[in-house]
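Supplied in structure tokens, the structure appears directly below.
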């Protein structure tokens, strides 16, 4: 496998879908929000993305079955429009990998009819906030004003957006897609379910949907454990000569 | 040569072959088991795999002839089904390389008719075991129960499987192939012929074949020396400016 | 997106255009000169270049709108011949990236009819000069003598020209294009608008155009701030796991 | 330019040519021998090789003209057979680059009719020898015996041959080409014209030609200076942000 591939599990026709991205990133804010969204809305997995830019390892599950490291697409039925939600284990670590994967994601989203993108992430401030704000960055100027009513703060975030959350908007814009990146204020050094909740609430207002947040903390804990595991494994893999299984003990040594 | 290539030395028709992989990895467990298997079963070399993701050097042999760094496919005739055994000097060091090479291996195995894969490796625990256990990870849930009778322990190994042993199952699954990874318990810091023997015995039970293990220790010693040599050379190569021959003295300096 | 792409914003016919390059480099000499040139000549942006060899991040602007990291082509109408000016945020960091991007730039320039190239840069000496000299390097020997009359000093610069300023001439020569690299003497550790001004003055003599330099210092300050920001962001991105937004605070930590 | 390219300067028909390689490597032994050979035999440059796997910089020459970093092919007319001599500034630093470039070299050599390859290099021993021996490694076993009469020592060199000197034989063998690698014994830390002379003398015996070696020392000195310059420039380039000219002063700082 020399290129990123998307394997469609089920051919589903989507009604004017919005692409929503929540991959691992700062404070796992985007990942927690998106994982919770698909769980609560009983979303259906319709495609999987595999990439040579992901770590060259597979995960051992408790039931004795392995699974690939991957990203996944879920479909959610909506009233006016459907959702195409992208979640996953990792993001590519190199620029070349990120550009390739982001291009494939957009190819697929366009094939399913998506014209609008909402990416979810955290905005690191080095401070802990009682009630994290949600910052927004738009792909086009004319999107800024109409989106302020959802409680999104524009123009106060600085710097750059790293990875898929930014690149999906950037490469999407070249294809005439539009979109918003929602960033929950977060410290940056901790997993932050509270920030994820704020992002999710803004998202729900935008989409005119309701999502129960009672199980969000529990899911955040799972996400945290999984993210730590993946990171440790990837680290272990790099430190070792090209090899085979890394046991549980080894995987905690960096 | 810009891509991994497989050069077929002999066109052999295989009867429903099982792909068996034993490349270098933790404790050289998989490599020792597979190297011993092809030697004892008088397997026939039918193809060689070369890759730009292998080190850019060739090995000097005692007879004054060089040879490439490579992976090799061997054919073994069986009663019910044949074996296609993959062994080799190295694995790719990058994720991109591993994905590309694994894809090519599966292309070839499928061309030869393979539908089932058994990968061999070690499972590092940091402890020395009197009688190493053999852990298993399956590509599909329904394979777990029927394989317990061979003495494979499922569900007790954690973490991830790095390199070809895992990726062959993972990428194979996408192509509707099935498989099992057998991992012999091993310390992780030493070459472990005893663990390799346990893996080999489980494999023989699965395949309903017999393999004499008396020469296994001697072969393990050879494998160890060769693996150390390759690693030293590769290290030396990285530390040097793009260059030509590294002599024996130099190659021991890191 | 797996390869560098150039998106043409406007189909403009150019009259025998000269390609002028001023991307970030030593002392930002080339960038400042070219940025000032397009601002003063009210140049028109006609194309944008995006590359997977650029950092995998997008920039947040004050108005709440993101933009991609990119290079840009501007057209300037001249009397005898038009100008095609290339400016941008960054250069690729790898050799492979530089060769790919440079090839795409030349493809585009040739499509627009360009046969001559002028690249702008700094020449680091470790010293501060009252009046920086402008060194030149030509693609062809016969260009040296006729260009001395513009005040360009040939044969006194040593070493190599790194990045697009050199590679455009080198790869251009293979395509039978000709060109000159103008290098303003500069310390190397500071942004140097004075050196940029000298380069610009030589360029204006060559092109028989006039450019007001009064706002050059102010623009140099902007360029400096922007270049620092980009560099910090790229650094931050590398130190972080594949992630999402890096806030302003974080981006100052290396 | 996304791939290695060979630009043919002159279409020359060669008579059963032998490919001879002498690129930079240990002790510059191969480079000195090959550079001297083409100078003394008044060889004709017939092609140039450029690669994205070479450093992304161009060299400033004393006459004010730049030139690309490259490899070059020279043709020499012989009695029984012609020579196609490959020399150059650098070798690729990555494995992927070496495999790609070596493949392109073989493509070209085969197109010109070459079936036999002689690669030249040094064999590092960490010792200084009064009269360096010349070790040989053959692509095929049957070449060993007949070549001993030229004073080549087979079977006493160990380890691996790094870079083009080894890979040309290895990848050539896959294409049914044959060849010998000649390695002059050398310390490894110094440029070694004496070892180069021994290699050259063996080569002359093999080819039944005569080459005056009086100017070899002087040429070796030039090669040494040039190789140091290139290395310094490449180092400087890596330490710098993607940039433009590196001046002579800077280039001596590592």
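Note that the chains take the letters A, B, C and D in the order they are written out, and that residue 1 is the start of every chain.
Operating definition for what follows: contacts are C-beta pairs under 8 Å (C-beta built on N, C-alpha and C of every residue); 3 or more make two chains touch, one makes a residue touch a chain.
Predicted model only: the values in this text are computed from it and were never measured.
From chain A, what is the lowest number of touch steps before chain D is reached?
2
For chain C versus chain D, which are copies of one sequence, does the interface use mostly the same residue numbers on each side, meaning over half shared, or is it different?
different
With chain centres set to the mean of the C-alpha atoms, which chain is at the far end from chain C?
Greatest centre separation from chain C goes to chain B.
Could you work out how far chain A has to rotate to sit on chain C, using CA atoms and steps of 5 degrees?
90
Could you state the distance in Å from the CA-based centre of chain B to that of chain D?
Result: the chain centres lie 35 Å from each other.
Can you pull out the residues of chain A that are in contact with at least two other chains?
none
Linking chains that touch, what shape results: line, ring, star, complete or other?
ring
Throw together a list of every chain pair that touches.
Every touching chain pair, ordered by label, is A-B, A-C, B-D, C-D.
Please name which positions on chain A make contact with chain B in the complex.
Checking each residue of chain A against chain B gives 1-2, 5, 7, 50-60, 62-68, 229, 233, 236-237, 240-251.
Which chain A residues qualify as touching chain C in the complex?
My answer: residues 3, 23-26, 29-30, 90-96, 98-100, 102-103, 119, 121-126, 136-141, 144, 154-155, 157-167, 169-171, 173-174, 181, 183, 188, 231.
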